[in-house]
Structures are given as structure tokens and as C-alpha cells.
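Next come two complexes built around subunit A: one with subunit B, the other with subunit C.
What follows is the complex of A and B.
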């Protein structure tokens, strides 16, 4: 049983984390941080840290802004950014039978290839500028984790807020995008299971055709 | 049909009550009021008469009693009420100053006020209760039961029709505003079914009338479902939002104190403001991106049929080559004047020249047509004026 003081302590604890999340967005914390009410935990791929992501009740999200006719939070080049996010989902969500989080790491080369494939034309010099800009914007808002030095991208903690219906839509979207070429990772070697399965996949010559 | 004086008198009595009842709604004799405040004036006048007792009131006393309102407004309403018979002279004689008020207008006024709050729904509930009372009365006869069932059938048909028409023809905003009809409908239907059950148990012979009542109830329920479905569909995920105009919510958020807003948001956690990318926007963005991509691509060419246009071009080329060889006739070059003269008239010559020009311009044919400055003039020739030049083979 929790004594009143414990309850007060817990509320203060929650309030502290809420204030942090409200000012900074999703937070990465050590694994042993106790649970916080209304914050969803998303364990990072290696399990050492945990992302705390605010979980809105269904129906209280950005759709409300639409219904109220209020402008949403502005983002530069919204369409380009949304496209790059879709492409990263296609690259990083390799096991589409499971949830999108945590996904696997994708590379900038993959993103560029899929981008050119989606555009249906050879890659142009301006594409890279657009892609890098979008990746940075998405990283800043925790939709993606973009490691600029290594040229690698992962899905960000915000993707755990996608519902089953959202994931179905995105699965469909991934099917419509060109298949990414196999990832060639530089920094963190992929787990054994992944590196084994990649060369056996028959789609590598196909992707090269694009 | 011969109307007796007695019938006419009865009709006149009914009409008199109707006129009295609608007096409170009349702007002037013959027109509806357009300002709901006038109802307050009417009520004040009728209140004054209620206070006055059996002596009645003169116009001056009435205006004095209603001094909260402008004098001329009171006088005008008084006149209207008198024209409709809601206020009559105490004794019907010339120069009678005192007036009395009928009670029917006041009943109507009360009724109107209640209708305006609930859109007639509370009245319908009470009507249903009354009908249930009257059909369960042990003294009631089969005709009363039938009349009651028929009335209910008509009420629900009108209700259902109104709602169904609204659903089919109006915008969502209109539907939302008029949707009071839809709320609380289950209890209405339950009550009507109760009346229906009582009637059917007591007088099984009325099953036909009861069937129409059941049908009109079902139609009403369907209309309600349609209306609710349309509202919910437009309301999106936040159903409660859809039931109030958006402006109401915006006004609430803008004008509320921080404490009130905090109370509403208690238990909700929002993170730092961040752009949202819903899967739908992502799909749309990819779709539009793809579209611009295809717009820039070259028009699709079939890969298989390169042979067909090739052969057409080839026959074209061979025809030109044959013509050029015919003109040259084995020589390395030929004078244009000679060619023109050989052709005879200008009509033929210009066709030959056109073909030689085509051969000259053709990528794959090694002929050239070179014009020089001279001009041959010979009135006897088929083409008297001919520019000099040569048509010859070249090696590329």
C-alpha cells in the first residue's frame, strides 16, 4: 500500500518528467528509470536505454487541429519531409510483420536510391540537399534518428505512437515504394541474423536495375 | 351539404380559439412576429390581466402595469391581441373601456416557451404520457384507442420525414443545428411502443392501425440513425467536438482562465510542439512526388515495335535513292537545268526538285543539291526560268 506521502512523491515525480517531455519532446533515459504515468516506454535496439514518449489518448492528436481549422506546427518543406520519412520507413522497417519500432538501421545510399526510384528518374544533385535537409528536420523532431557522420538512419521513438491502422497504411505505402538496395553499414555491424539473410534475398539485382 | 346555423356556430367557436391562440404570435393583424421579445410583451400584458382580477383593465391601466416596456410597444401589442380576440371588451358595448383576456393565448404562450427550449420534444413526451393515460383509462373505447394510435402515427411520420429530409438535403452544419429532434429519441420510441402495446392488448382489432404506428416508429428510428451516422462521420475522431460548432470550442479556449483550461487538460500529456506526419499525409506526399516524377519522364514508347517505323523510313529512303539514281542515270553529277528541262512542264519539275531536295537533306543518303548564281532563261523551254545548279553524289 502506498502511503499518502508516497502518492505525493509519485505525482511530483510524474510532474517532473512531464515538464521535461513537454519542453523537449521524447527523452532518452537509462533503462532503470522507473515508469512514468502517461509516458510510453520504447526500448532502444540495444536495450541499454529507454525512450519516454508521451502517449496521447486516441482522438486527442493532431487531427483535432484539423477539425478546429487551426494551423498545425509549421515545418519547412512538409511534403518533401513527409516523403523522406516514408522512404526511411521503407528502408528501416524491414520486418513488416512486427511493429515499426525499433526497426533496423538504413543508410543514406538506400534513401537516395529509393528517392530516385520514387521520382522515376536518375538521381539529381539537388536531391541530396533535399534529403539531408529532411533527415535533419526529422531528427530534430524525433521522427528519425539520423547519424550524419556515419550516414545512417533509424526510425525515431515517435513511431511507437503509430496505431495498428497507421501501420497497415504504412505497410501499404512501403509496398508502393521501390525496394531499397541492401544496406551496407559502416559503424554498427548488423546482428548476425540480418547480415545472413540479406545476401540471400533475390531483390539485390532488381534494385541494381533501378 | 347544408350547413346548419348550429354547425356554423361550432366552427366559429373553434376558429375563435385558434385566433386567440395565435394572437401571441402575430406581429400585427395578419402577420407573424419576427422578434421573440414581443412574446415577453405579450406575456407582460396577459400577466397584468391575470393580476387585475374580474374587473378587467383599460388600455391605460395595462400600459401602466407593463411600464417596463415602451408605451407605444404595449399599445401596439394590445391592439393586435384585441384584433385577434385574445383580449376582448369586458362587456360588448360601445365605449366600453375595460377589457378582459382569454386564457387560451396564455396557455399557448407557455406552450411556445416550452417548445422553444426543447424543440417540442418535451411536449411530445407529455403527449405520449397523456395518450398512454387515456388509452389505459378503463372507460376508454375502441375509437379513442384508434384515434390515439393514428395521432401518434402521424406525429412520428412527420418527425421521421423531417429528419430524413434534413439528412438527405442539408449541410452538416444545418443538420447539427436541427438535430435536437434526434436526441433522446429512444425514450420517445419506448413511450410510443408502450401506448402501442396497451392499445394492441386491449383492442386486438386495431392491429392494422398499430402496424402503421410500428412502421412510422421504425422509419423514425432509421432517420435518427442516418442523421447520427452523418454527424458522427463528419465529426471525425473527436465525436464530442462535432456536436458543437467549432467556434464554440475556439471561443472557450481563448476566453478561459488558465485554471479552467488546466482542469480540462488534467490527465492529458502533450509533448513539445512538433510537426506531425500522419500516415495519410505521408501517403499523399509520396503520391504527389511520384506524379511529378512521371510527368517529367519521356512519353512511354513501346520497346518491341522498333521494326515497324524503321521499315516505313526504309521504304521512304529507298524510294528517294531510286529517284536520285534515275535522275543521275549513272553519272556522278547532273545539271539542274537539264533535270528541269527533262521533266518538261513545271508541275513535274517541281516534284522532281522536291525529291532531290529531300534526298539532299536525308541523313542516310549521300547526295547533295548545290545551287549556283546563274539562271537559264529560255522562252521555248517547258520551264522558261531555271536556276542553275548541280545534283551530285558525295562521299561522307
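What follows is the complex of A and C.
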């Protein structure tokens, strides 16, 4: 049994960590960081650190918003962003007999190739702008870990919250996407000619999102 | 509900199934909806006893209920938690993002408020800040574009509907999550930055001087919210 003051300290510890992940998103912390209630731990690929990811039980999550007809915070270019996330799942979740996290590293070249294949046409100049914008958005929200210098992408710690049913849906989705070409990873994160000239989305993001 | 709620169980166990569902729905709505939720929409917000349970759940994760316009509710960081984190130097926004956000707040809220166009202490405003007003020699165009993208994604700013002079921005829905004390701190900080020699700034310093710890914390405070 913990003493009352230990219980108070424990509550403050939980509240402070929760405030941190709500303000900054999932956090990468040393492995020996004590557990925080309802923050799931996702071990980083090399096992040296863990990510703390909010994992509220169903009923306390965002599903109630659909029932209320109240929108959550809007995602810009939602369709493009979802498309790029699904492509990254196909590229980075190579062993689909196991969980999606941590998956393996994929490359921008793979993402571009699957994107063009998904559209059923050769790559267009505007594709790269849309892809990079989506990768940055998904990186900022921790659905992906996007290393812009190296042109490499991994699944982000938030994917640890995907349930078995979510993973079954995504496995099925991956089967419908074109197969990515083999990943050619750079061992050192030296910027290549391509990453030097990565495009930025225009100041107004209201381009058509079909 | 068959899943264990670990953190929330002690609060929820005495409630009947229906009351528990109402409390969870209200908790989720104030936490995840982009905008404040109408009190009439949810029993968990309408009923004072149920609302007290929602407030207790929020407290466990460092949050508190914020009443908006007398008819709506949202959640924000509890003042004691925000003060502790800022005293620890916690700051999830980069300096460029904060600078761009402050420029939007100055043009969209602080200036109209000083002109008497905006009243009250809300950080909501329909007065757009244009890209021209965001230009500064200290931030490159590329840095500004990336900062705007991150601030929009975090709900701290949003595009205004007025496109007559190109894209322009207004404060985002997250600003409505500020508690009354946080709104006051943000206003104080802007006054201290814009007119440090003004009598109002002097009064703010005198008021803060009463509690030196709070003053130290406030000096580093950025009362804005992330994309939690």
C-alpha cells in the first residue's frame, strides 16, 4: 500500500507526463523512465529508448466525436495524407505476420514509386510536393518518423495503438497497393541531390485534395 | 464498458453504466473536438454532478474544464500543471513557431483589442493577419512557411476565410482552451514585450512581484497549447 503523500506524488507524476505528451505528442524517453498510467510504451527499434504514447481506452477516445457530429482538429490535405500513410505502411511493415511497430526503414524512392503505381500513371512533377507535404504532416503528428536529409521513413510510435482489427484492415489494404521496389538505404545521412531540392507546399494549403 | 480504465477506475466505479458512458462521452468531446462543445449537447456537461466527474478525470491527466461563452465547454491545461512544466523549462514549440504565432496574436487580437474593436479576454478573432504582416527580416520565407504549416496542424492558427489579399491567418481553435489565468498571463506577456516602459507594464510587474516564484515561471511562460 502506498502512503497518501506517495499517492499524491504519483498523481502529479502522471498528470505532468500526460500534459507533456498532450502538448508535444509521443515522447522518446530513457528506458528506465517509470511507467505512466495509460501511456503505452513502444520500444525504439534499437531498444535503447522507449516512446510514451497516449492510449486511452475505447469509450474515452475520439470515436464519440462521430456520434456527436463534432469534427476533431482538421487534417490538411486529408486524402493525400491518408494515401501517403498507407503507402508508408506498405513500404515499412515488411513482416506482416507480426505487429506493425517498429517495422523497417523505407525510402522516398519507394514511396514515390508506389504513389505513381497507385495512381496508375507515371510520376507527375506535382506528386513530390504532395508526398513531401504529407510526410512532414505525418512526421509532426508521430504517425511516421521521416528523416528528410536521408530520404528515409519509418512508421511512427503512434502505430503501436493500432488494434488487431486495425492491423487486419491494413494488411488487406497493403495487398491492394502496388509492391514497393526494394529499399536502397543510405548508411550515412548525407543529403543527396534530391533532398537538397525538396519542395515546400505553398503558403496556402488549399490546393485541391481529390 | 468491460475494459479496465486503470487511471479512471476509482472515479468511475461508483457510477451506473449510463452515467459512466455520459461522463466518458463528455470527457472525449472536450478533449478531442476541434471546438468547444455545447453544454446542451451532452448530459455529462449539463448535469453538475456528472460534470464534476469529468473535471476529476481531466485533473488526473493535467487538464481542467474551460467554460467558453457561458454555453460551451472545452478542456485546457490545469494552471498548476502548466506552471510546474514552465518552471521546469518545458517548451514543445520551437522559437520560430512561437515568433510566428505571436505575430498572428499581435495583429489579430492585441492590436484590435487596443483599438477597442475586440472586447473581452478571448483570443478568438476574425481579424486576419496577412502574410505581409508576418514578414520579418529575422525569419526566412522558408522557415515561416514551415512554421505556419506546423502551427496550422497544431490548431494554433487557422486560415481566415478572407482571401482577398492572398492567404491570411486567424488564431486557431486551440487558443480557446486557455484558462482565464492563462489568458491573463498571455495578455500580460504581450504587454510586457510591446510596452515594457508603459504604466500597465509597471502594474503587471508590481502584481507579479508579490509572488516571485510565479513571476519567474511567467517570464518563461508560453501559454499556448500543442496538438495533444
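Of note:
The working rule: the second predicted complex is superposed on the first by the 184 of 210 C-alpha atoms of A that agree within 3 Å, B and C clash if a C-alpha of one lies under 4 Å from a C-alpha of the other, contacts with A are read in each partner's own complex, and residues count from 1 in each chain.
Everything below uses one rule, namely that contacts are C-beta pairs under 8 Å (C-beta built on N, C-alpha and C of every residue); 3 or more make two chains touch, one makes a residue touch a chain.
What you are looking at is a predicted structure, and each value in this text was computed from that prediction instead of being measured.
For the composite obtained by superposing both complexes on subunit A, the positions of subunit B and subunit C are in clash.
Of the two partner chains placed by the overlay, neither subunit B nor subunit C lies in contact with A:154.
In the superposed pair of complexes, A:112 makes contact with neither subunit B nor subunit C. In the superposed pair of complexes, A:64 makes contact with subunit B and with subunit C alike. Once chain A of one complex is fitted onto chain A of the other, the partner contacts of A:16 are limited to subunit C, with no touch recorded for subunit B.
Contact with both subunit B and subunit C is seen for A:72 once the two complexes are overlaid on the shared chain. Of the two partner chains placed by superposition, subunit B and subunit C are both touched by A:38. By the document's definition of touching, both partners, subunit B and subunit C, reach A:141.
Touch criterion met: A:24 reaches subunit B and subunit C at once. Within the three-chain superposition, the subunit B stretch that clashes with subunit C turns out to be 259-267, the only such case among 79-87, 259-267 or 295-303. Touched by subunit B in one complex and by subunit C in the other are residues 18, 21-25, 38, 54, 56-64, 67-68, 70, 72-75, 137, 141 of subunit A.
Of all the residues in subunit A, the ones that touch subunit B in their complex are 18, 21-26, 38-39, 53-64, 66-70, 72-75, 78-83, 85-86, 89, 118-121, 137, 141-143, 158, 162, 166, 169-170, 172-173, 176-177.
Residues 1, 3-8, 21, 24-25, 27-29, 32-35, 37, 41-42, 57, 59-63, 77-78, 81-82, 84-85, 90, 92, 131, 142, 145-146, 148-150, 152-153, 155, 159, 163, 166-167, 173-174, 225-228 of subunit C are the ones that touch subunit A when the two sit in their complex. Taken in their complex, subunit B has these residues touching subunit A: 235-239, 241-242, 246, 249-250, 267-286, 288-290, 292-294, 296-297.
For subunit A in complex with subunit C, the residues that touch the partner chain are 11-12, 14-16, 18-25, 37-38, 54, 56-65, 67-68, 70-76, 133, 136-137, 140-141, 200-201, 203-206.
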